[in-house]
Structure formats: C-alpha cells, structure tokens
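The structures come next, written out as structure tokens.
In what comes next, chain A is part of two complexes: it sits with chain B in the first one and with chain C in the second one.
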Partner chain A sequence: MKLFQLNTILALVVFSFSGTGVLGQETVPEKERGLWVARQIDQEDQGFVNQVSEATMTLRNKQGQESTRRMTIKSLEVDGDGDKSLTIFSSPRDVKGTAFLSFTHALEPDDQWLFLPALKRVKRISSNNKSGPFMGSEFAYEDISSQEVEKYSYEYIREEAVLGSEGHVIERVPVDPKSGYTKQVVWVDGANWRIGKIEFYDRKGEKLKTLTFNDYKQYPNKKWRSNRMEMTNHQSGKSTQLIWSDIKFEQDLTERDFDQNALKRAR
Partner chain B sequence: MLTFQKIVILCLACWSLATTVVCGEFSGELSFETRGYFHEGAHENNDRVDLSIILQPEYVVAWDEDRKVFTFEPFVRYSSLDKERSHVDIRELSFLGSWELIELRVGISKVFWGVTESQHLVDVINQTDLVESPDGEDKLGQPMINIAYVNEFGNFEIFLLPYFRERTFSGIDGRFRGSPVVNMENASYLSGSGNNHLDAAFRWSHYIDELDWALSYFEGTDREPRLYKNADGTALEPVYGLARQASLEIQYTVSDWLLKAEVLSKHSDLHGNYWATVTGFEYTFANVHRGMDVGFLYEYLYDDRKELAGSGLDNATFLGSRVALNDENGFELLVGSIIDHQTGRINNAFLESTRRINENWKWTLESNFLVSPKSGSFLEQVKRDDYLQASLSFFW
Partner chain C sequence: MKKETFSKRWAEWVTQYPIVFITCGVLLALGLGYGGQFITISSDYRYFFGEDNPQRLAFEKLQNVYSKDDSALFVITPKDGNVFKKNTLSGIQFLTEQAWQLPYSRRVDSITNFQHTYAEGDDLIVKDLVTPEELSDLKNKVPYEKLREIALNEPLLNGLSINADASVTSVNVFMTFPGKHSMEIPEAVAEARKLVDEFKKKYPGHEVHLSGDTMLNNAFNEAGVKDMTTLTPAMYGVIILIMFVLLRSISAVFATFIVMLLSIIGGMGFAGWMGTPITPPSSIAPVVIMTLAIADSIHILKSILVVLQKGNTKRDAVVEGLRVNLKPVFLTSATTIVGFLSLNFSDTPPFHDLGNITSVGVAMAFILSITVLPAMITLLPLKVRKSNKISNPWGTHVGSWVTGRRKSIVMISSIATILIGLQIPKIELNDEFIGYFSEDNNFRIDSDYTMKNLTGIYQINFDLSSGESQGIAGPAFLKKVEEFANFLRNERMVTHVNSITDVFKRLNKNMHADEESYYKLPEARDLAAQYLLLYEMSLPYGLDLNNQVDVDKSSTRLTANLGFVTTSEIIEIVTRAENWLKENCPESMHTLASSPVIMFSHISHRNVVAMLKGTLLAFGLITVVMIVALGSVKYGLLSLIPNLVPIILGYGVWSIFVGEAGFTIAIVGSVTLGIVVDDSVHFLSKFNLARREKGLGVDESVQYAFENVGGALVVTSIILVIGFAVLMLSEFKMNYILGALSALTIALALLIDFTLLPAVLSFSGGKKTISNKQSKSNRQ
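Showing the complex of A and B:
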C-alpha cells in the first residue's frame, strides 16, 4: 500500500523533530484530525499479508422474508497498491462457481473480472457501478471493496466512546463522483482503531443506511475483525446481516492465486 | 487409434484414483424444459412441442488452495421431439493444476475465447453442440492438453487437441434444420487421419490497465463442416476439412463503456480464405433505480464471404438490451435482434429472462423469432421454427 511508506516516512520525520517517538494525537492539527484517524485505521490493518474467510449474507426484506448468499473471500495485501481479492460464490446454488476478481487501486478505477461457470467465460467488467447492490443485498459494491484512505476526504466531528473505549467520530466524503453517497459518518474506537458503526447518506443528503460492526475478535496476528456486520436500510426497511467465519491470515497465497487463471480454477 | 471412449476411460481411471485420496464436492443442475413452436416445421417436422429433461451433475475435487482441481461433469438431455437432440456428453473430465509459472490442463474440458455477445467468432477450441441451442453457445467437451506459461507479459498458452468432436445436428423430427436432414453417421474427413488429426493452438492474452486483449492461432480440423447431399439426395453429410486461423480479441473497459472487437482471418479447405469481425460496444446505465442496471449493446457483424457465409450474418447489426434488477431474486432480461444491412430487415429477434425462485430453484424463459431472414441463408430454411421456451431448474 502506498500509504504505508508515506506513513513510515511521516512517522520518521515526526520522530526526528518531536522526539516523542509516537505520532501523538496532540501533534495533529485540528484540520487534519479526520485524516489522521483514517490513517490510524489503515495502519492498524497493515501487515495482514493475506486473509481467507467464509462469508454468509442473510438478506431480509420488509416482510421479514430471508434469503442467503454464501461465499469464500480471499484477499491479498499488495505493496504500493490496493488489495487484490477473489470472491467465490457457493450459494444461491444457481450462481455456484461464479467468481469475482478485483484489483483495488487508491484513485484509479479498480480492475474487475467475472468468471461465468456455465460458459467457462472470464469477462472483464466495469468497476464504475460502485453504488449498485452486491448480490441483491443492502451492501453496495463500494461498501465491501477495499477501503483505501485516498478514496475519501475527511473531517473530524467529535470525541465519543466507541466499542467501550474512548473514540472518535469522523465524516468522510467519497472522492469519486460515481459513489452513491454524499458522506459517511464513521465511529472509530481510539484504542484499537476498530470501526464500530458507519452511517451512509445518499446523493440527496438523506440518511440511507447504517452499518454496525459486532462481535470483534482479535486473531493470533493481533488483527481485529468483526464477525457480524448488520446493514440496515432506513429508506426501504430491508436489512442484510453479514457473518464472517473461518477467518485465517497469512495463508500460503501469492499473486498467482489472484489472477485470471486462478479465477478459472476457483471452486 | 484414439477414440473418444478410450479418452473417457483413461480420464475416468485417473479421476477415480485421485478421488480415493481426497474427498470432493457433488453439485449439479436438473432442468425441466418445455419448448413450444408457433408453427409446424417447413420440412415435415410438424410436432410443435418439445419436452426435455436435462441433467448436468458435477463432481469436483480441489486441493492445495484450489491450485489442483479434478472435475467430472457429464451431461444428459432427453428430448421428446428429436432423438438426435436426446444425447449424452462429457462436458468436463479434467485435471487442472497450477504451479509457480505454469498452468496445466489435461483431459476433456471447455475453453472459451472471445469478448462479444452476438456471435462467438474466435471461439474455436470446442465443437458446437448445435442441438442444444440454435445460438451455438453450448459446446461439447474437447480432449486437450493445455499448458500456460504465466509471466509479467501475460499468459502464453499451447493447446494440443488429439481428438476431434463432430458437430451435433437435429434429426428428422427436430427443428432448426434444413432439408434434407443431416446424417451425422456419415461424416467424412479430408485429412487422412480423420478425427485423430492432432489439432493445435497458441494463444497470448494480457491486459494493461483498462485494455484486455488476446492473440490466437489455430491449426487443425475445421470445427465448421460443409454439408453435401448424398448420392440419392436423401440426406446431407458433413465433411470436415482442415483450417488455419489467426484471431484477435480486444476489450477496452472505460467508465460505463465496454468497447469490444473480435477479428478472425481464416484459411479453410472447405470455406476458402476469408476474414470476419464482430465489433461493438456495451453501455450500462448503472443503478438507475433501486439498483437496476440497464445496458445497451451494439455489435456490427461482417464476413467477407458475403452471401457465401450462409449464416445470414455477413453484414448485419446486432442491437440488444439487458436489464438486471439486482434484487434478491436476481431477475434479468436480455432482448436482442439482428438486422441485415442488405435487406434492412430484422433477421431474428430473441428474448431471455431468468429469475430465482429460492435457494435451489430458478425459472428461465427464452424465445426466438425468425422475423424475415435473408433469402438463401440458413435462417431462411428454419424460419418456421419460432419458439417460446420455459424451463424450471433445480440446483443442488
């Protein structure tokens, strides 16, 4: 990731001048405090190397009817660029074997390919449709794609307790005009830099959705992951629960497990 | 002599060896399909209803982080209308393995080449299973050895295709046939080695930013036979020649646009030397209302054999529209038509729509209307074969 090097340089510079050794909160000018929080979240997540997990989405409509989607998601941290990810669907059964490969970039459009098992066809698709629903759920593509710091501009709102510790509330505005949101309000815990809640505001500026991050668990590599996310759409009354299981880090995965050949082999 | 049966037995033996070691996953699809024709056929193929059952199970064994995969996927269709359409195939019986810079595929498999939607011009590895659908998108399993070398300059692939699969054709009671009927039993080859000619292909595919491309070369048995009347004129007999072809596929993906082109240059024993292209675009209005996408497709089809191409697609425009609701049931609709430039008329128009019922069930509607096919083209011979088809599929 680009930001890693930037932060390292920044930290070194601050270190040599302040002599405190830590980029302390006190040294951050008020104007840049929102960005500083975003960087802490990003930096906290650096070094996960790769991650493999099972995800189950339960879609619930206004009448309470449910449907399920199951997928395996593999992601790979890339030096100097956004993450790569491979999503393989196993349910609903008619889309079983469909696989989605995405190379995230901070400011350039993401590169995305879809594998259609019936035709054994790999299709390059446009990553422009960020605001569209992911598999009919309340998650938009932009909600589940890799969150690069450069994708937003930030503003600090207030201090507030989040996930049981002192925390921060920041506002972030998507840089991409194709985003479905005018802004997002993000609650972050100041101890471990975990996101507790995000509120999404639509293009009309009205509150659209709330995403809460529950059941955080710390893994052997010290990374925190929420194992249950709840997205509620306030306008449609629909909601989607996203349960993560079997989260594994630092698996034997390379860039070759995230190319178009891997897409064809995906099961 | 290599026969398809021997290849199947060999692959099955390897596959059963592998599956004794690792446990696999069994899934599949069972479909009930009703196709109703609006008219009696033009060639005394007068029955108007075709009821089919299609079974396509799949058994997959994957290990080493999905870098090694064994797949077995047989296919069976029973058709009430046409005994030639009732058929069995092995779509996939293969091992696919990945090592650092190498990908290896051995066995019966399917490979797709191409970027366009209205016609798959450059897609040459697998034979068309024409009785499945007149659009030619269904393919027969092809025995192959496929080795890819992967580096920062893209994918470099070699295909060795040791056994040739013959195209399927409708029988006497079937639709989408001309007159007289094709007798598949009497297929013949110009090459002395018949269906055991070793066909080969080379392919380089790569991408840079928004641009994806592939250059391919194929030399071997022409997938497209020529049909000749037999001595007493009661049947058509397929003759397969040899062909060499070079092709280019290119797609530029920029914001809501997909700009696409396929170009083919072919030197064929039986079809002469010619070039052809499908060039066009797809534009999507994304998330126009509650997640709905509306796309428009335009493709220009050209074949420099002109009328001799016989397809009626030698100078034509494809116009289509795709609607995806992106709702929990995954509703999708695709409508399209092919307009001939010479006659200025609609050759044919089609519709495909699908919606999930629940986790395991899904329905599909399909229709094809041969509005005013160009005279002398194959489509003219089947112009009474307009149909509406409904199918219900169970996936497990």
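Showing the complex of A and C:
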C-alpha cells in the first residue's frame, strides 16, 4: 500500500486538525470524494496486524433448506500488498482439515492454494475463479478477499445516514475485467468508517445481491468488526449468513504461518 | 302469460325511446370496454396449470432447491458442417459473451466456455475449453482436432451441446424471469433475436435456430396475439358476408355488427378490469363471443323481417319480432353462459378465463340484442320485398317425413350413438407441447430442427437425495446415481443425461495425472467431497454447480433430455424410471420426475376429470332451466336427448376419424353444451307453444315447430359451425381442435334436432287422446 500511504498520512494530519472526517470532507474535491471515502475505510482498518476468528456460514435456498459450514480464518496484514489469509474448514465432516490459502494482490490475480487432507496434497487454484462462489455460498471470492483500494475506481453518490450516523454512499467499479460485477454501491458510516451495506450489480448492470453488515462490535484495539453478515441474491432467491465469533487480534502469527507448508499443518 | 306482456311492453319501450336505449347500451359496453386498456398477455406456460397442480408444485420445489430458470437455446449450424474451426468457434465465443448481456440471463453454457479440467503437473487446471486469446494467438496453432475430441468425449457435452459428428452446436442461456410484468419474456426474446441477427451478420455461413423453454413461453404468447389479430378479422369478414346473404339489408347487417362489436368490447374489457391475462385459449374469446352474439341478433332480425314481409309497419314488426324472441333469446343466453361458466371447473386457468370472458360477452350480446339492436332497426331504414310466403315448405316435408319414420329413426340413432360413443375412450390424448403449434410456426420449426439434429428438448428432472447432509459424495450413492443415469441412457427416446457422476469421474481421472484407468467414481467419500470442493472453488462466475447440487450437498439433480415422444411415451418412460428407482435404490432416492413436459403430460387427464364434474353440473343446471322454461318435467328431461347425443357423437366421430387430441378436448363438451341447447330450446318452445296455445297434437306440433324455427335453426347452426371452423385457422393446435370438434358437434346437433328429437317427441305423445290429457294437465 506504499503508493497511498503518504496520501493517507497527509489526510490523517489534515483531519486531525479539522475534527471529524465528515467535517473534513469539505476540503476534498468533489471528483475525488469517492476515492477519499474508500481510503478512510482502508485507513481505519490498518494496523490490525493479524486476526484470528471463527466463522459459521449458513446457506439457504428458496425452498428454505439450510446448510452450515464452519471454519477458522486467520489473516495477516501485509505492508505494500494485499493481506494473506488462511481458512481452515472444520465442517462439514468430509472436508474437515481442508485448508485454503490466499495471497491477495491489488491488481495482479490473487495466489490461491487448497490443501486436500484426503489426498495429502496442496493444489494451486486457477485464478479465473475470483467471480465464482465461495464454498457454494452467495459470497464470491472477490466479496470476501481483502478489499484493496486499488481494486476499484470510485464515485461519490450522496450523503446518507448509515449505521446510525452521518454517512456516505459511494459507487465503485472493479478494475479487473474478470470481476463478476459491473459496479457496487457501498454505504459507509462517516464516524467510524464502517461499511453498512453493499449492493452488487451483475455483468448486465442488473442488481444481483445485497450484503448487509450487522452487529458491529469494537474490539480492544479499537477496530470495529461486523459479527453478522447477510448476503441475499435477488435473482436466485438464495441467501448466505456469515457469523463471526471469537475474533482475536495481534496473535502470535508470522509469514511462516501463511505459506504452503503451513497449509498442511493447519487443522 | 305475464312474461309475454312484459316482453311486449319492453318491445314497445324500445321502439318508443330508441335513442335512450342505444345510449344506455353503448355506455354500458364502453364502460366495461374501458378496462380493455389494462389487458395483458401472459407468456408463462405455468399459467396453464392451477396453483395447486401437483406436477407444477413438484417442479417449483425442484426449482426452489436448485435453480429456477428457463432456457433460451441458440442452435448453431455452420454451413460447411464443421464446428471446430476458427470462424465458428469465434462466433460461439461471441454469442456466449453477448448472451450474458441478455435480459434476465443467469448462466450461459456453450462448448467454448465449458469448464475443461485437466492435470498439469500436480495441479488441477480448470478453464474455458477454448479462450478468445487462444483462438487469436498467431504463434501457436489451435489444436482443433484435439478440441473436437475433448468435446465429443465429454458426456456433459456430446448429445447436448454438440452432436455426434460435430456439425451442430448450441449456446444455452438460462434466464430467470422475476414474473413481475408480462413483457419480460417477449423483451428477452426480442433481444435474443437481435443477437442472432448480429451474429449472422458478423459470422456469415451459419444457420441459427432458437428453442428452449423461454421460446416456448414466447410461442404461447405469440400464438395468442396472432389468433387475436388474425382470427378475429377473418371472423368479421366471414360473418359480414354471411349476414348479407341471409338478411339482405345493410341496416340489419350494420345493427348486428354493432351488437357484435360492443359485445366483444364488453367481454374483453371485463378481462381487462379483472386483470385476466390473455393466453392462446382465451385469445379466441372474441371469435366465440361474435359467433354467439350473432345468433341472438339473427333470431330477432329474422322475426322482424318476416313480420315486415307480411306488410306490417316497421314499428309493429320490431315490437313483434322482439316480443316473440325475448324469452327464447334470454333462455339460450342463460344456458350458453352456464355452459361457459362451467369451464371454471377446469384445471387450466386459461380456460376459466375463456369461460368467464365469453360469459360476459354473451350476457352483453343478450342485453344489446334486446336494446341497441331493435332500437337501431327502429331508427334505420329497412326495406323488404313483400311476400306472402308464411313459412318454409321444406320444414313441413321434413317434419312429416321424420314423424312417419319415428321408429327407425330412434332405432338407428340409438344404435349409432352407442356404437360411436364406445369409440370415445380410444381418443389418444397427446400433449407433446411442440405439437401444439402448427408446422409453419417458428418455434415448431426450430424445435423440430433441434430435436432432429442436436438434442431432445423435452427435459425430465430427478431430484435424487442421498438422505444425509453432504451425502452426494458417498460412493454408494454415486454408484446408484450412475446406474440410474445408465438406465436412462438405454431408454430409446433419451438423447442425453446430465449427471454429476460424470463430473466426479472426470475429476478422479484429473487428480490421477489424467490416467484413463481412473475415469471412474472416487472410492472414498472424503476424497470425492474434497475433489468436488476443489473443483467448485475453481469455477468462475455463473458456471457453478448450484443448478445441479443443493446447498446442503445432500441431493443432486439429474436431467434427461428426450427426443420426439408422445405424451403416453413420456408417462411410460417416467413411470419406468420411477419404478427403477424404487426397485434398485434406497428410499431417499425414490422420487417423482418433474418438468414442464411432465406437467403437460398430465394436463389432459386432469382436465378431463375436472371437466367431467363441471360438464355434468352444467347439464343438470341446464336441464333444470329447460324444465322451468318449458313448464314441463317431461319435456325438460326429454331435452337431455338432443343436448347429450350430439356431444357423444361429436367425440365419437372425432375418435374414429382423427383419433388424437390434447387437453382442449375436455372443454368441448361444456362449450358446445350451452350452444346446442339453444336449438332444443327454440324447437321445444315452439313445440310447446303449438301444444298449449294452439292445442295441436304431438305430430302437428312437431310440424309447427319445423315450420317456425326450422329455417332459423339451420341459419344459426351454419353461422355457429362457420364461426367455430374459423378457429381451425389458428396456429395453436388446441384452438384448432376446439374449433373443429365444436363445429362438428354443432352440425350433429342440428341433425339430431331434425331427426331424433322430433321422432322422440312424436313417441312422447303416444296416442292423441293421451297427449291431450297431458297438455291439459300441463296447463294447470
């Protein structure tokens, strides 16, 4: 993230003088206001170092049937590049111990590997899948991988209350032509730079999904995390709920916990 | 007698204040007609099935578990018969890419974006079979031969997306219609057709055919619109011509035309007010209303003209013509409405619509015939040649001929009715829905082409459950699924089977360095589950397994495509398949097949059963009406003969000479019932009049009836036969059958009314002394 670090530091300095971000925005030219919001979100999230959490994903179809997957997700903040993350599945039983390693990059395709315990092998996953569903859910990879500022171009839409405080609505267009979306509309709260809601538009510009972020909690390191995300597919009538628990920061993790060997050790 | 005075008073009012009556009639029709602007056209085949139709519910459940989509199938044939060359493959890539932009498209499957998997070192490669970059890469030669081999060896493609000699291929677009407005499908089809044009311009040397569920839906829509826009004008032409011949008066024709027009406006406006969508069955309502409306007018006009011919003043003629017809026209309208309302018993909502729209139209026709029609005649100039002919002499001849041979007529008719009636169960009900459309219909042409050259478009789906969460990776379950897929592949009509087992076999091979000996189902459950996870995680946008595997990975959808099959063959195959599952698989896999074609396979039977009830009820009601109207239980019950026999004969004759029919056959009984009753009403009321008012004997009364209504019955029957025959011009076979069989039944009804009915009436009197007693007791 080097390119932008100077800018963000500058911005931070400016805001610290001008009070809250919402007031501060008046100094941002209209054209760059969308990008400015995106940077606030990114800035707000920086410095979490690493994070370990449990996630429960519940898939629901139109018929009302449900299915649950459980996983442990570890992520590592990487300076100057996208974050690294390791996902270890604990259920369903047949895929227990399967681990998924991903190195997010801002503009390059992500690197992804999957460890299959039944085969005792690590398999590289081709990168044209970023638009595909994650574990059969309504989340695509690109929805859950780390949201680097450079992945989109931005436009500011309007001011609107989000999560109970003054906020912003911005539109972001994926830079990668392989993305499954033509655009996303993002609702952001202006006080803590938390995302309240994202609407996803498919390749023909039709509204496809809505993701809401609920039950935000602030952790000792001042970071805010949503503990319940709901993704609804408007076209298929299916939905996926993602519940986070046991969120811990600044654990004893290093780069070595995020390489291909770590995949095999992960359980 | 009370009613007679009312009829007379009414007739006098109408002639006294014609302007008032015209204004009221027109305002009523236009008030109803105002709703016409809200008319929508339904383009959803599901609307043919009631919301609690079990086959529809089963299919909707399947769609809710997997995916609800209607396919638009682009079938591409390069003229040189070779798909695997740069030009054609680029064209398919172009179509595939553009198809994502079609409205409501959710998924696009073609040979180029097929997710080809292979081993590369230790990795599983999942990618498009051929990418645009590879095709335009000048450095590396494109291995067309190899691509062809891969495609033909792939069970998911061969027989579905590509034919065996690689000369025809397809791009299959899955669309999910939200169903919020009626233009969704026509809109998508218009865009699809535009895309075809663009493709043809960019890639000449290719033929394109469009088929699939979306096109089927659209074909229903277009058939409905076409019937309304071609049959209705054709009907106007025919009717106006007939009226000129019969009435020979511009004023009379003009007045009748206005009545017809306003009745249709009223009926269709009612559809608009009620929010009834137009479908092929209900699109014929204008023609039916027109046919029935004209019968009312003709009866009244004929009477007016006859009185006028005798040298009376026009006003007297109108009063008399209206007076004698008010009751019979009311009765015939009432029975017709009862017949059409009984369509509400049908299992197919479009028939409810046809029945309700027509009923309103017929009611309007009745009201207008006794208001606007006589009022207009009062105002318009009407000239006739004076004549002293009182009645038609042939009526007398026929009358005496029939009563003279009453014994043989009754005998022959009874035997014929029984023999012909016995043929009815032999009618084969075929609802192969492509056959609903005539051979020059585009959907029919394109679908036939697809069936002949690529794959069957009749799909049947099986929701196979393993009975446990994540169970689809279980080796025992997979083995059963594969056996079932193979069982289906051995069925003669099955052109393709899409089964998840083929994906598992391919992945197993890929994971073993593409070694052919591993092209079999994985033997361990966790291994299979992890293969699937890896594969799933590698699939791009829109090409996931959601349409084949449920969220819990506990069940999978297996789809078989069938080629040209009749409804009974479909039911046989489905039954065999369902039985196979019962005999060979654990209970969780015992499932019922579901799909649109299965829904249509049961539509006839369900409608026949449902309409049997409706028709019987209508019969009962109409017989009661007849008893009350004729004031005689005996003659009311006797009316059952001329009402019932033509319908039996109609179905029987159809069975002998045509033999095949679809679901409309169920409603012909109800539709014609209300109409053929009209003939008996007219005949019996004149007969009754002669017996009671004139005190004539039975045979003389028959003569009287012949002389007085014989001519009018012939005339109205001809009009009705022609009116229903016009429906035979429809591109929609169900309307064709409805028209042909109804015309046949109405013609037979006339025959029966002129032979069997008088013969039976003649018997009913026995000796004259008894018949006099009878008529006395009736008068009390």
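One rule holds for everything that comes next: the second predicted complex is superposed on the first by the 247 of 267 C-alpha atoms of A that agree within 3 Å, B and C clash if a C-alpha of one lies under 4 Å from a C-alpha of the other, contacts with A are read in each partner's own complex, and residues count from 1 in each chain.
Keep in mind that, in the parts below, a residue touches a chain if its C-beta (ideal position, glycine included) is under 8 Å from a C-beta of that chain, and two chains touch if they have at least 3 such contacts.
Since the model is a prediction, treat every value here as computed from it, not as a measurement.
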{"item": "Simultaneous placement of chain C and chain B on chain A, clash or fit", "value": "clash"}
{"item": "Touching partner for A:G136 - first (chain B), second (chain C), both, neither", "value": "both"}
{"item": "Touching partner for A:G237 - first (chain B), second (chain C), both, neither", "value": "second"}
{"item": "First, second, both or neither for A:R203, with chain B first and chain C second", "value": "second"}
{"item": "Chain B versus chain C as contact partner of A:S126, first or second or both or neither", "value": "both"}
{"item": "Chain B versus chain C as contact partner of A:L59, first or second or both or neither", "value": "both"}
{"item": "Touched partner set for A:G180, first chain B, second chain C, both or neither", "value": "both"}
{"item": "Contacts of A:D259 with chain B and chain C, given as first, second, both or neither", "value": "first"}
{"item": "First, second, both or neither for A:F100, with chain B first and chain C second", "value": "second"}
{"item": "Segment of chain C intruding into chain B (one of 369-377, 549-557 or 675-683)", "value": "549-557"}
{"item": "Overlapping contact positions on chain A, where the chain C interface meets the chain B interface", "value": "59, 61, 67, 92-95, 119, 121, 123-126, 128-129, 131-133, 136, 180, 236"}
{"item": "Residue ranges of chain C touching chain A (in the complex, touch as defined)", "value": "61, 63-65, 67-68, 100-106, 122-127, 176, 469-470, 473, 511, 524-531, 533-534, 536-546, 549-554"}
{"item": "Complex contacts: residues of chain B adjacent to chain A", "value": "25, 27, 29, 60, 62, 65-67, 69, 96, 98, 100-101, 103, 110-112, 114-115, 137, 148, 150, 155, 205, 207, 209-210, 212, 251, 253, 255-258, 284, 286-287, 290-291, 293, 326-330, 356, 358-360, 362, 393, 395-396"}
{"item": "Contacting residues of chain A [partner chain C, same complex]", "value": "59-63, 65-67, 92-95, 98, 100, 112, 114, 116-119, 121, 123-126, 128-136, 140, 178, 180, 203-204, 206, 235-238"}
{"item": "Touching residues (chain side chain A, partner chain B) in the complex", "value": "59, 61, 67-68, 91-96, 108-109, 111, 119-126, 128-129, 131-133, 136-137, 180, 236, 251-253, 256-257, 259-262, 264-267"}
